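Look at the two complexes coming up: chain A is in both, with chain B in one and chain C in the other.
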Partner chain A sequence: MRFGVIVFPGSNCDQDCFYAIKDVLNQPVKYIWHKEMRLGNFDCLILPGGFSYGDYLRTGAIARFSPVMKRVVDFAKRGGLVIGICNGFQILLEAGLLPGAMLRNRSLHFICRYVFVKVENNQTPFTNLYRKNQVLKIPIAHNEGNYYIDENGSSELKRNNQIVLKYCSQAGESEDRFNPNGAKDNVAGIINKEGNVLGMMPHPERSAETALGSRDGFFIFKSIVKWLKDK
Partner chain B sequence: MLTPKNYEVLGLSEEEYQRIIALLKREPSLTELAMFSVEWSEHCGYIHSKKMLQLLPKTGKYPALIGEDSGGIIIDGFSIVFKMESHNHPSQVEPKQGAATGVGGIIRDIFTAGARPMALLDSLRFGSLQEPYNKYLFTGVVDGIQFYGNCVGVPTVGGEIYFDENYSGNCLVNVMCIGIAKQNKIARARAQGKGNLILYAGSSTGRDGIGGCSILASKEFKEGEEKRPTVQIGDPFTEKCLIEATLEAISTGYVVGIKDMGAAGLTCASSEMAQAGNSGIEIELERVPLREQNMEPWEIMMSESQERMLLCVKKGKEEIIEKIFSKWGLNANVIGEVTNDGIVHIRYKGKSVVEVKADDLTNAPMYDVSCTKPDYLNQINSLDMNKIAEPKDYNKVLTKLLGSPSIASKEWVYQQYDHMVQTNTIVSPGSDAAVLRLKGMNKAIAATTDCNSRYCYLNPYQGAQIAVAEAARNLVCSGAEPAAVTDCLNFGNPTKPERFWQFKKCVEGIVSACQFFELPVVSGNVSFYNESPKGAIFPTPAIGMIGIINNIKRTCTQYFKKENEIIILLGICKEELGGSDYLKEIHKLVRGPAPELNLGFEEAVQETAKEAIKKGLVSSAHDCSEGGLAVALAESCISYKENMIGAVVDNLDFSIRTDALLFGESQSRVILSCGARFAKEIKKIAERHQAPFRVIGRTGGNNFKILDKRKEIINLSLEKLSGHWRQALKKIIEI
Partner chain C sequence: MLKAEICITLKKTVVDPQGKTVKHALESIGYRNLEEVRMGKLAVVKLNYQDKKRAAEEIEGMCKKLLANPIIEDYSYKIKGI
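Right after this comes the complex of A and B.
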């Protein structure tokens, strides 16, 4: 399984994703520089977290114009697996690969801490090793994770079972008081209609080893490997 | 317009001006004068502190590295490089940018050594949050740290925050950065090899920060002065690119030397690199990229624009280096070359504007400073315990202490910092020390910053010793072997004899404690003139310390892990209340003798804890510090939110005053918890090290209780304690 980690200037979780794939998952992985006009041969692309181009403007708004993003869009259109984590998710929204937008956290503060999320949809390439409604302990670290989508869009997401992860309590209750950032319907992660592009705010690469406090995120990557093998 | 006669505006004395004339044997040019003014400032030249700093030990248990701008230790073929630095005055003037550029500056000191920055810690001090301006400073500084640190991708993993009236008018922002490099990849800050090229890399130069180090950092705050323009503006995105480009450039092997253009900018970088390499340097100033029009040569030389580096590159390899920077969207171009005449030559549009020996610039005068023991000590060192009424309701006292801003949980702060990026943080903020794994090894490093400045105010020598001892204790409690120190020495105006006495005694205290524990001081920083019309700050020698955990599985944290485990106290509770938070918060008194410290006794306690943890006998270990035994026990109960565990402490020795027993701040105490079957073995270890050992209670239940025989002294529900402790700071800030 060939993984590619896109590196934008300002990405800062690229090396963490690389490490999680190479040293924890034991799969081949390469960095892809944002100016790359041609992608090599990859099975899954990861858009990592960070502050692409400083994110002094709206998050992800500049990165989507990076040369490599054209290739990422083509790759996704052909059915390739793409996962955007944190800033990567924000870039996927800006690039139109996923619906909706990100607002600032309702506390107006950056939030870095472990949260709980519930697997709403385990029939995806990224979540097939989880049970439905399984509660994951996984960290978030962002300023803009307050997911927004209008009512029509929201009903469509629900109708198509596109909400993959929702913020919840340790016991799995997805009420507003367990929502760290104000995201609509507690959305922590969504998938496109075709089911090959996932965006998620929590960081699976930061929770891929017990030493880091949780191994729940590891199975996002492991699910991808399983799906690719079974394909 | 400045003229050479304006040496006073630049912060130089008449005497220093005459000395410059004697060195040059002529009048200095304006640019030369400007350069002397920054190089001879306290901030760059350490003119009042150098003699004392030479006393700090440079060797210890681990091989130490002492570089030009940072230092470290070597373990298993890796260099762990670290340093702490102050950005107090800029933060007092403009908290967000002041703190942000403090973070940026210290990170540059680490990666210019060729080390990848892997963690940040902040040691912060503010006046009382009752004053709106202090609240503005506190929230502004936190905002600056999160703005810069989060973006640049270096986790902020620990530190300390204190609030005390003495910092009103002069807050302290000390930032420590830790980096890691392969041992043979360490870079130096020097220019060497005639004909090698001098490259300027990073952001362009503007007028921001001119005089930052000489006018702002080397003077007291006076009433009604406007100093905002001397504060620089930070750009963490550029810094992130600079980190990657610089490390890539250094890895080529073509970089002879590299230095951050931070305080005193191009002046400091050029003259100090020349001096360190025993070389001269030639710079064509018009080749420096500028972002403002009509900048004078002296302005270019003094600018403290951020995110800039000066490199010395092997001749012929400059294009390779330029290409690396350009890949990261950064400018890098040749602005000069290395000579072998020991002289700093600066030319501007064909005209020579500077011709000075690098040695003359960098050998700032050293001043002998007179020093007198302050009178205040005689008045405040005594404490009549009979006049201190013992409280009736200890539940109330404990609750109040846990809600006081200095003791309350700092969750509101550290949740705004990305403390997990780089995926090495195995103990997050909220325990005695932060712990970072070293990928690919079975080892980890622990890091902490410590200083109780109230003790230093009451007894500078002992207070500084305690700062070292406590830092070491914190590391030991996390399972580490203390290895090396960086210090950030914050004091008032050194030309005042009483202030200098405080400085001298504190340095002597650090020297004695570091020698005792065999800890080298590998890097550091001095910040004087921390005073305002409201007075000087308490002497604050912040200690940053790194420890090594040889087996990552033996990492330890401060919170209780299981019900029904044994709680052990190592050390002795003495009847001492001097300098305690209890005395200040409950009795509104800052006085008394500082807590006693016996280094040998401290060692016995630390060795016991260390050995017990190493052998895997211990479930939790926590240092007793501010707020004393009761606060430490409460923290062990509540600090791990997902799994809070109560305690029944029913075997304390109530032969001393109850308030001293519960809230006194006797040193050299550690609370351990362990499975019942391990208690005996820990006792044996304690006996061997001659450390007092006492089983004081058991974990379990939903309450925290302290009993004197059957009488309840403290009984509070964990939910109440936790809510109060966790929410206190947020409530004060978000009113």
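Right after this comes the complex of A and C.
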């Protein structure tokens, strides 16, 4: 399985993702510089976290016009697997590959800590190794994770089962008091209607092995491999 | 030359936590009759031509494509000769 990690100016989780794929998942992986006009042969593209273009204007707003993003959009339209983590998620929203937008956290604080998220949909290429409603311990680290979508969009997400991860308590209750940033309906991760593009605010690459404090994120990557093998 | 001042704000229907915090701060220093505070961004774009109609079209395009996110933001602008 060939993974590609896109590197934007200001990405800072690219090496963590690269390491998680190469050394923890044991799969081939390459960096892809954001100026690339052509993609090689990949099975899955990862848009990592960070502060692309210094988060100027809006998070992800400038990165979405990087030359490589045209190729990412083509790849996604052909059914290729794309996962955006944190800033990568914000870029996918700005690029229109996922619906909605990110606002500043309601507390106005940058939040960097472990949270619990619940697997709402395990019938995806990215979550098939989890049980439905399984609670994962994964860290978040962001200032703009307050997911916003209007009422029509929100109904559509629910109707199509596009909400993949929700913030919750350790016991799996997804109430507002377990919502770290104010995200609509506790949304921590969503998938596109076609089911091949995932955006998530929590960092699976930072919870990919026990030494990091949690291994719960590893199965995001492992699910991708399983899905590609079974395809 | 022309100068465009573009004001980008969160839509009325979108919560503005920054505006709320600034309102609290203003109240704490004695401004007690505030109905609401909303924060936004100002972009000043200078154009090296004189055609205001063309400027309006270009500024409109810039707002739609990059400067504002129509899902959460509104924009308005003024174009002046300088």
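Operating definition for what follows: the second predicted complex is superposed on the first by the 231 of 231 C-alpha atoms of A that agree within 3 Å, B and C clash if a C-alpha of one lies under 4 Å from a C-alpha of the other, contacts with A are read in each partner's own complex, and residues count from 1 in each chain.
Basically, contacts are C-beta pairs under 8 Å (C-beta built on N, C-alpha and C of every residue); 3 or more make two chains touch, one makes a residue touch a chain.
Note that this is a predicted model, so its numbers are computed, not measured.
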item	value
Touching partner for A:Gly10 - first (chain B), second (chain C), both, neither	first
Which superposed partner A:Gln134 touches (first chain B, second chain C, both, neither)	neither
Partner chain(s) touched by A:Ser169 [first = chain B, second = chain C, both, neither]	neither
Contacts of A:Ala101 with chain B and chain C, given as first, second, both or neither	second
Which superposed partner A:Asn160 touches (first chain B, second chain C, both, neither)	neither
Touched partner set for A:Gly54, first chain B, second chain C, both or neither	first
Contacts of A:Asn122 with chain B and chain C, given as first, second, both or neither	neither
Touch count on chain A, higher of chain B and chain C	B
Touched partner set for A:Phe65, first chain B, second chain C, both or neither	second
Touching residues on chain B, where the partner in the complex is chain A	146, 150-153, 235-238, 240-241, 328-329, 414-423, 425-426, 428, 437, 439, 552, 642
In the complex, chain A residues that touch chain C	57-58, 61-62, 65, 94, 100-101, 103-108, 146, 148-150, 182
Residues on chain A engaged by chain B in the complex (per definition of touch)	9-10, 12-13, 15-16, 19-20, 23, 49-51, 53-56, 109-113, 139, 141, 143, 170, 203, 205-206, 208-209, 211-213
Chain C to chain A touching residues, read off their complex	10, 13-15, 17-18, 21, 41, 66-67, 69, 71-72
